[in-house]
Structure formats: structure tokens, C-alpha cells
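Structure first, then comments.
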Amino acid sequence: MPRTVAYKTQIQHLSVLDENGKLDSKLGKDLLSDEQVQQSYEHMTVCRQYDEVAFKLQRSGRMGTFPQNKGQEAAAIGSALAARKGQDWLVPAYRENAALFMHGLPMHSVLTYWMGDERGSQIPEGVKITPLSVPIGTHMLHATGIAWAAKMRKEDSVTLTYFGDGATSEGDFHEAANFAGVVQAPCIFICQNNSWAISVPREKQTASETFAQKALAYGIPTIQVDGNDLFAMYLATKEAHDRARKGEGPTFIEAVTYRLADHTTADDASRYRDTSELDAWKAKDPLIRLRKYLENKGLWDDEKQEALEAKAKAIVQEVVKTAEEMPKPDVNDIFDYTFAEIPESLRVQRDTMRTTSLGQNPDQAGLGARAAR
Amino acid sequence: MAELNLVQSINLALAQEMERDDRVMVLGEDVGLNGGVFRVTDGLQKRFGEDRVVDTPLAESGILGTSIGLASNGMLPVPESQFEGFLGPAYDQIVHHAGRMRNRTRGAVTVPLTVRVPVGGGIHAPELHSDSPEAIYSHHVGVKVVMPSTPYDAKGLLLAAIRDPDPVVFFEPKRVYRSYKEHVPEDDYTVEIGEAKVLSEGEDVTVITWGATVFQALAALDELPEDVSVELIDMRTIYPMDEDTIVESVQKTGRCVLVHEAARTAGMGAEIATILQEKCFLHLEAPVQRVTGFDTVMPYYKLENHYLPEAPRIKEAIAQVLAY
Amino acid sequence: MAGKVSSDPNIFLLPDIGEGLQEAELIKWLVKEGDTVEEQQALAEVETDKALTEIPSPRAGTIKTLHGADGDSINVGEPFVSYEGAGGGASAPEPTADNGTAETAREDDGTVVGKMSADTPGLTRQAGKALATPAVRRKAREMGVDINAVPGSGIGGRVLEKDLVAFASSGGASAKPAAPAAPTPAAAPAPAASTTRRPMPRPAAPQPQYQPQPMPQMQQQPQQMGYGMPQMGMPPMGMPMPMMMMPVPMMMPYGMPGMGMGGGSAGVPVAPGYVPASARPIPDPAQQSLASAGDASTPFKGVRKTIANRLRQSVDTAVHFTVMDEADVTDLDALRRQFAEAGTKLSFLPFVASAVCKTMAPRVGGRFGALNARVEGSGDDQTIVEHHAVHLGIATDTDAGLMVPVIRDADAMDTVGLSDAIANAANGARTRTAAREDLSGSTFTISNVGSHAGMFATPVINAPEVGILAVGKVYDAVVVRDGQAVVGKKMPLSLACDHRVVDGATAALALAEIVKMLQEPQGL
């Protein structure tokens, strides 16, 4: 008996706005309004300014290690456009700040976090975002769970989770995707393939030809998208979002983009990366093509650009000020968020840590006087 | 004989051992082309090639799991976990397989691997980049745990670890990576696993610690009055511990202060205090004092310094114990 | 923050830009001294182990000093660029965690040496059980000393090695005053039982996952972070509560047993307002209410302590009862004056001593030898031993408290001899020239310490004796002679006995005998 085909498929690649700012007339028609595009461009510009200022804050000792988001703004903003603020969940890693800001996270929070302050992760009530995730790949399982809960509670809520190409090598990714497929969780896996995991290029990360195809193993519909294309990202995410809402389960989106800066401020990409490659990708910068698109449509000019840049500078300056003018954190915070109710032994440590080598004796810390107040 | 810091001495040890023994290989995230995020493996890939210095996919479980296989089949792998906070996925492989394989097979299959892990706080790094899990791995059977505090000890202990027929977790106190230099001999030497070092001899009190807090303890000693005589011991090996040295010391001084960055509950301080209570009972002049991190998450860097057991707290503990 | 911040806002220290870097090589300056720079304008190119990069200015300002030349190696944390005066424009770097650290370090540095708890939490000295470190216990064992019998001079009544030595050399079981203790560390607090749980206030609202409290106004934040009760938000005092000590009264042999003569405890300090949980040892209410500013505190240690311990033991062991009577000493007084006129000054005491000896010494016909005894042994194995001789202890008040010098074989002396002996003994005690053997070994004790004032008393037996006679103040009183009321002198007498050994009748009769002898002084 001749061999039959057990399974066959293909991976689609989606591109709507090319690097010259030219929009595919069919796919791009009525996709985003002029206002949406202009607002997106403005937000993109502000976020780019934010990113560059953050780098300088680190270099001048005002902030700790910071992972720049430079070059990946379209992937974040395009996908976030398809999500509903306050209703859908965003479960990020750390390279999609632009999406988080659109979804209700105060802009200074991210700076606060990288300045070494846990209050940067104290997400405001009603904002459906999980904290920035430093260890790679561990948050995707949480996204699956959040989506699963929404489904069980019959909530109209979709969960978007972001991660990089490197994260797909972690076992947790496999488990998150597999679980999502089995329970048909209403979530969207957005892989920002920015070509590098610190110094490891995507060719060394996996033998798969695309990252999108990894989803096939879990029975999840998948697509590869030009990550620097705002329109394409929006379209792909919108389709995934609709599917999830209809109860058709998870979707995988590979956003092909590029990390224009170093992994973090503690890294030096020139050690392992070619400048020619970097230059080639600089030409594909999402900002450049979007500006060209707006200019071609007569919606933008140098004067508007100048005004926007000044506005962006002012906004970011204000945000930095807010972050830096936060009062010092309360030392007791080290202890008070360990449990809902602090156990006695931990309370003793908290109340005596400043006057004994380690919480040896409450009377020695003048506890009696405190209790009396 | 050069003055090297911790990064350089570990780099030297790896280079020398890879030269000496073909079976030794280094694997981990960003260890090859990039030379490691702290540059500890700098230049090794260029010298020994991509086969022996491997930039792996991003997967700690994968790195440790494949290392177990490599070690059981004739190689001497030295995998790296980029930070101690990322050991999570690898934990299963280390404690349930690397540490148990010899027993499981009654010696037929063994795992001579050495996993290198930067640990400890004090460098203002993000979350999960500042922890100290030495107690966890010491508690699990079949695994040796070491933590050198100086460049000289680091080279000696690393060579001993690579040559050890059993799995060794080699913790590197990242706070010390670049902050201290000393002469490190070029020639081949090892520091025996299971041997503590007495850094200063004394009569009044024994201070026991390891890793970056060794330097904090030294700073505390400098601030004590002239007539206070402190015996400072750097454990160097966490498991199997050098009980003889610490017991002899505390039998002499009768007082002891234990210092570690890791959280207090079930930290190695608890284990050492019990050993001292068992073996020095009739010599004790005061209860054994522990100076440790709190039973909380290590704070991000705005509050980090409140957590770390540094010279002032160590000094105070010494004073308390002497006044008992 | 990624590095130290100078306390001077005009000095920019080189930050650690790469997680644990120690220095950077200055490749070249991009500005000159005198230049005005904007915030984030690039100041210099530097190279580190990790990267080649630019350092931006943290603020706008005018460059005053560039610290270093092209090619120099600059350490992280050292001055890099200084600005003129107070820079304008964007915010200067806020005080960072490092300033907080410095403050905290100072707080930590200010801790008091010697605060370590004297007792393990919740443990005060239990009756009969000594507190001691393992090292001292081993020493006791090696020396063959019962550590529980040793009075301790350390913190909390702890037995120290020198206490063992003193105890052993003083002959053991009969409690001797130990050598005065060396000064103990001041204000060593006894701890509370810290093992009890007290319910702590919850944080402001239990939060479902991922929905924490709204980002509050920065200023209010500390209050909203779950500090439901006022004390949670307060910074701790940082200083231990000083220990209030009960003022120690004079050691009278006939005080109320137990009052102020607390046993081994060093006093349980109570911090005002600190509410003890039920499992804590309850502090002495008398001490609690008496503690107030202006109290004179005396450490309870040394000789006083030893005496206190002995008295405690005595009261705990002997079953005290007291019989009281008065002697008509009008004639005795007359006899005294006769002696005085003849050149021999005698107080009443030698006569009392003589009467006591004649009452209880067997070799002079005393019928009440039962009062001149001691109880030996312990538990089921006890014997009552009646002494052959009377070695009279004379309770004497000295600067250091009560002492009881002994007149050996007092029953062999006549009254005058007794008088001399008493005077010598008392003197020796007061001037501390008495030899140790002169301060112990009495078989019966007389105390006229209260003869300064007061009539009757309930004296505490000088263990291990079984009786003690307290002499009150001789006073002018109406006495009956030949049916007539005349002015004479009376002497109150209080005889306390150990009821385990001496029954009421014996005691009463013995006292009557003493009274009779005093009333017929020719016999003395």
C-alpha cells in the first residue's frame, strides 16, 4: 500500500505595509482609520523616545539594567490595537512596553520597576496586565491559565502573551502551548522573533525553519507576520481575537522583527553581531515606514514631525520626573507582602531587623514602646 | 604570577583544564561567541572551537539534562546556568537524576558534571538575579556544593570539581567577580572539596561564612576593638562540610556567629548551628548566632541593602555573642 | 540604582553600568570644562569589560571639573564630572537607596553592645534549678559541685565559673556569702516569651490575583499598604527598654518572709504598654506598679543577693512559727548599773545570750536542747541533730547587710566573757576583719538588731538552725511589784522556731525559761 499523507499544511506569511510605506490595497483597505494610524504613529514616537531616554538613564546611573524595546514598537502596538483595554489580558515579558501603556499601565511604572522598586509591578486595579517577567518563558503558562479561567467563568475576555524567539526553547513554552490547545483556551501567543536571544542567533536557537510552525505540534492555528508592519500585526491579531471570542481556541503569531539595540544595557551586541545586518534592519524600522505612509497620504509633514518630537520629549520628561520623585519605599515592604497575614516569626524579623543582627529579641527593639503608640 | 579577579581565575581554570583534558566541554546560554554575560568564558570558543564551547538553546532543563547524558557517556561537561534564578527548570535534572544516577545504577552509570552558577546579591540586578540556593542543593543527596570566595580558591575548587567523579554545583559569588584581585598560580593545583579555610585565627569567637559575605565579615573584623580576637572561617565547601575545622574552632572559642545571605529558615546556618550544638555542647559559652537574609524575597535594589547581612550586622552579632 | 550617588548633587559619580563592574576606561571626553550641557547630553566615551559606550549627563548644568584625562581608568563610584552650583532644568538625581542605606547603617551602628538576652525566652530561674552555660555545667561536673546549690552572680542569676570556684572553696552546702560579683553589663533585659502569636492586622484588603490596590497618590502610599493599626506605620524606636529594678530593702532577719527578697530572679522588666500574652510569665505586680521615674535602682547582686538567697532557702525549708513574751528586766537593769558603776559596761545582750545558753545547753543543764539543733539530710533520709555545744550567732547589721558572727562555745562563757566576745564579734563583722570560720557554724542565733525600735517580730531562722531569738527594745513600763504598779523596764522577746523540729509547747516553755532567767538576773 503506498504511503499516504497523514498531515499537511503550510505556514502563511502576512505583510500589508511594506518597508517603503506602501499599503497593500486589498488587505489594507478599511483596516485602520487615518486617525488610528496617526495616533499609533504618535504613540510609536513617544515610545521610541521613552526607550532612548531609558537607556541614557541607565548609563548615567539613574536607573538599573534596562532592556530596550527599540525596533519592536509595531509588533506591540499593532497587536494591542486589537485588544480591549480593561477587558482582555496582556501577559508580557519585557519588550512590549508600547502595548502595556496602551492598555492602562502608567508609563512611569516600567521605569520604577527597572529602578529597583517593586511598586513598578504594582499594577493598578482594573488594569489587566501581569508584571514584567524576567525569567524567560515562565509567564506563558500563566497566560494559558488566565485564559482558561476566563473560559470557565464564561467571561468575554481574551489573553495576549508576548515572548521572544529564545523563549520557545524553554520547556514551559511547550507546556503552555500544549495545555492551551487541549483546553482550547482563548489566548493568543505572540512570538516576537527579533532574531537574537542575547548573543544566540535564531539559527542556533532552533532547527525549525519558522517559529510559527512550532504551534502546529500543539494543534494551534498559526501565522507568520511582518512584525514591523502595524497593519499586518493588527490584522493577524484581530483575526486571532475574533476566533478566541467565538470559542475557537488559541492562535500563534510569529512577528518577524529585529532587536535594534542590545539585549539590555548590560550587553554589548557589537561583540557578536554584524553591523551590516543591523543596518539592513534599521532601514525596515517600523517608524520610518509608518511616517512614509502618512506623508504619502498627505497626513504628515516636517512641521508636524517637529511638533511631535517636542511633545514626545516633554511627555517622557514628565514621566521620568514622576518615577524619580517617588518617595523612598517603606522598608517594612520587604516583609509585608510575603503572606496575606504575616506569621509571628516573620513579624519578629521585621520589627527587629534594624536593631539586632536578625530578629533575635523583640524587647530589644523597643517593641513595647511601639505597641503603646 | 598574575593578579587575577574571580572572572579571570575561573576563565584560566577552564582554559587550562580544557587544554589538559579533551573531554572537558563548556555549554550554556551565550557562553561561546559572547563569552558569557559576565565574560567568564571569554575567548574559550575561539580557542577550543564551537564543538567544545557551545551556545545552547535557551533551556536550562535542556542544558542540564543533556549534560547528564554527556557525562554518562565519556565527556566532562561544565554546563552553565546563567543566573541562580534560572536554575528552576534544571532543578529536576540535577537533584532527581544527576545526584541519584550512581545510586540508582549501583555505580554502573555515573555523572561527573560540574554546573557553574553565579549567585548572590549586591550588584543591583533585576529579579531572580540575586538569590543564594546553596541550602537547597545541599539538602538533596548525591550532589556536592561548593562556593569559593577568592580567585585562588575558585581555580583550585573548579579543577577539583571538574575532576570529581560526582556532580558538583559550583556557585560563583557574582558580587566578588570583579571586586577583588589576588595572585593566582599558573601551575596545576586544586583545593580539596570538603576543606574549609581559616582566614584569621582567634580566641574569642568563631565567625563562619562563605561567598561574598566573607568580605563583609573581614570588614566587620576591621572595626572591632583591638582586644577582640576573632577566628574567621570560610567554608568554601557547603556540602560535604568540613566539620572538623569548625568544631575544633568553636571548642576553642566557645562562641560562634554564622553568616549567610540566604534566608534564615532552613538555611545552612541552621545545619551548622546544630552540628556545633551536637559536637561542642559542653564548650558553648553563648548560643550560636545567625546573621542571615530574612525569610522574604530578596528586595529589588532600592531596598536590597536592608536585606543583605553586611558588616554592621555582623559586627553587632559578634558584640552580642561576646557579651553573653 | 545602578550605583552610588554622591551626597553632593553637583558631583556625578561614575555609575556601574554593567552589573558588577568596578572600573571603566575613559576613552575620551566629549565636553570641556566650562561647557553648558543639557540633560542626557553625552559627556564621554568609556570602555568597560562589557561594552564600549557613552555616558550621558544626568542633568543640565555647566561643567566645572572633569575628573580624569583621556586614557585614565576611573573606578565606579568615584567622582566623574562636577557641575557648577545648583544645576537648572531637569531633576537632579533623587536620594537613592544608597542614602537610605547609609542612614540604616548608622542606625545599625548605634546598637548597644551587650544586649544579648540573658535567659532563653520565657525562662526565668526555677526554684532549685541553676542557670548556666554548657561550659560552666561541665566545669561543675568536673569539680564535683552540685550546680543547683551554687548562688549565681551572672546575668539572671546565672552561675558563672567563678561562682563555682567560690562555692567549692567555701566548703559547699552551708551557704556562704559569695565574693562580690564583678559588675554585670548594664541594663541586660530579660526577654518576653516571644513564642506566642499575636494576631497582626491584615493589609488593607485581601487582593485577588493580579488585581492589587489602585496606584495611590505617592504620599499616601505607606498608609494604604496594609498598616491597619497605628503602630505598624511607625518607625521602630531602635533602642531597648531600660530595665527597671526593684529598690532593694535592707536585709533584716525579721522582715516579712518573701517581701522584696525575691529569689533568683533579676526582676522581670516590663516595658510600659507592652501587653503580655497569657503564656508569658506574669511579672511581679508589686514591681510593675512601683516602677516609675525617680526610683533608685540598685543592681540586685553580690552579698545582698547571697543573703537573699539564704533567707529564701530558710523560709522555704523551715516551718516558721513565733512565740512572744516580755521579760520584766527592772532588776536586770539595776544589775547592769551596778556593773557599770564598777567599771564594766554591759548591755542587755550578753545577759540575754547567757540566758539563752543556760536554757538550751545540755552541759550547763539546759533543758531545751531541742532548740539547739539542725536538720540533716534530705528527702526521706533526714535526722535531727542536737548540738552538744552552743555556738551563738549574733546577728549584726553592717554596711554590707546582715552578718552573723559566731561565738563558739558560748555556753562555756560567763556573762562578762560573753559581752567581750559579742563586742569583738560585732566589730569584726562590721570592719570585715572577721575570719570566715567566725561567720559560720552557729547553732542558735540571737538578734537584737531591732532593739533600736520595735517590740515584737517574726524573725527568719538562720538556716540550718531551728530557732532564733529576736530581742526588742527595752522600754519603760508599768510593772507590778507586791501588788503595786511601779515604773520598771520591759524587754519584748520573740522566739521563732522550726515547727518540723520544735513543737509549740517546747518553744513556749523555752521562752518562758529565758524570761524567768532574765527576771532573776542573779543567776546569770
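Labels for the chains are A, B and C, by order of writing; each one numbers its residues from 1.
Rule of thumb we're sticking to: contacts are C-beta pairs under 8 Å (C-beta built on N, C-alpha and C of every residue); 3 or more make two chains touch, one makes a residue touch a chain.
Source: prediction; values computed, not measured.
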(message) From the centre of chain B, which other chain's Cα mean sits the farthest off?
(response) C
(message) Please identify the chain lying most centrally, where each chain is represented by the average of its Cα atoms.
(response) B
(message) Can you work out the whole-Å distance between the CA centroids of chain A and chain B?
(response) 35
(request) Just give me the whole-number Å value for how far the CA centre of chain A lies from that of chain C. (result) 64
(message) Using mean CA coordinates as chain centres, what's the gap between chain B and chain C in Å?
(response) 46
(request) Send over the residues of chain A in touch with two or more other chains. (result) 64-65, 115-116, 266-267, 328, 331, 333, 356, 360
(message) Residues of chain C that contact two or more other chains, please.
(response) 1-3, 16, 19, 50, 97, 100, 104, 108, 111, 115-116
(request) For chain B, write out the residues touching at least two other chains, lowest number first. (result) 124-125, 129, 301-304, 306, 313, 316, 320
(message) Under the definition above, what is the set of chain B residues touching chain A in their complex?
(response) 29-30, 32-35, 37, 55-59, 61-62, 85-86, 88-89, 124-129, 257, 264-265, 289-292, 294-297, 299-304, 306-307, 309, 313-314, 316-317, 320
(message) Can you tell me which positions in chain C touch chain B when the two form their complex?
(response) 1-3, 16, 19-22, 49-50, 96-98, 100-101, 104-105, 108-109, 111, 113-116, 120, 133-135, 137-138, 185
(message) Applying the document's contact rule, which stretches of chain C touch chain A when the two form their complex?
(response) 1-3, 5, 12-19, 40, 50-58, 90-91, 93-95, 97, 100, 104, 107-108, 111, 115-117, 121, 189, 191-192, 194-198, 200, 202-203, 206, 210-215, 218-219, 221-222, 225-226, 230-232, 234, 236-241, 269-275
(request) In the complex, go through chain A and note every residue touching chain B. (result) 64-65, 113-118, 134-138, 166-167, 169-172, 197-200, 204-206, 266-267, 271-272, 328-329, 331, 333-335, 338, 345-346, 349-350, 353, 356-360
(message) Help me check something: in the complex, which residues belonging to chain A touch chain C?
(response) 53, 56, 58-65, 106, 109, 115-116, 119, 122-126, 128, 130, 146, 262, 265-268, 270, 317, 320-321, 324-328, 330-333, 336-337, 340-342, 344, 347-348, 351-352, 354-356, 360-373
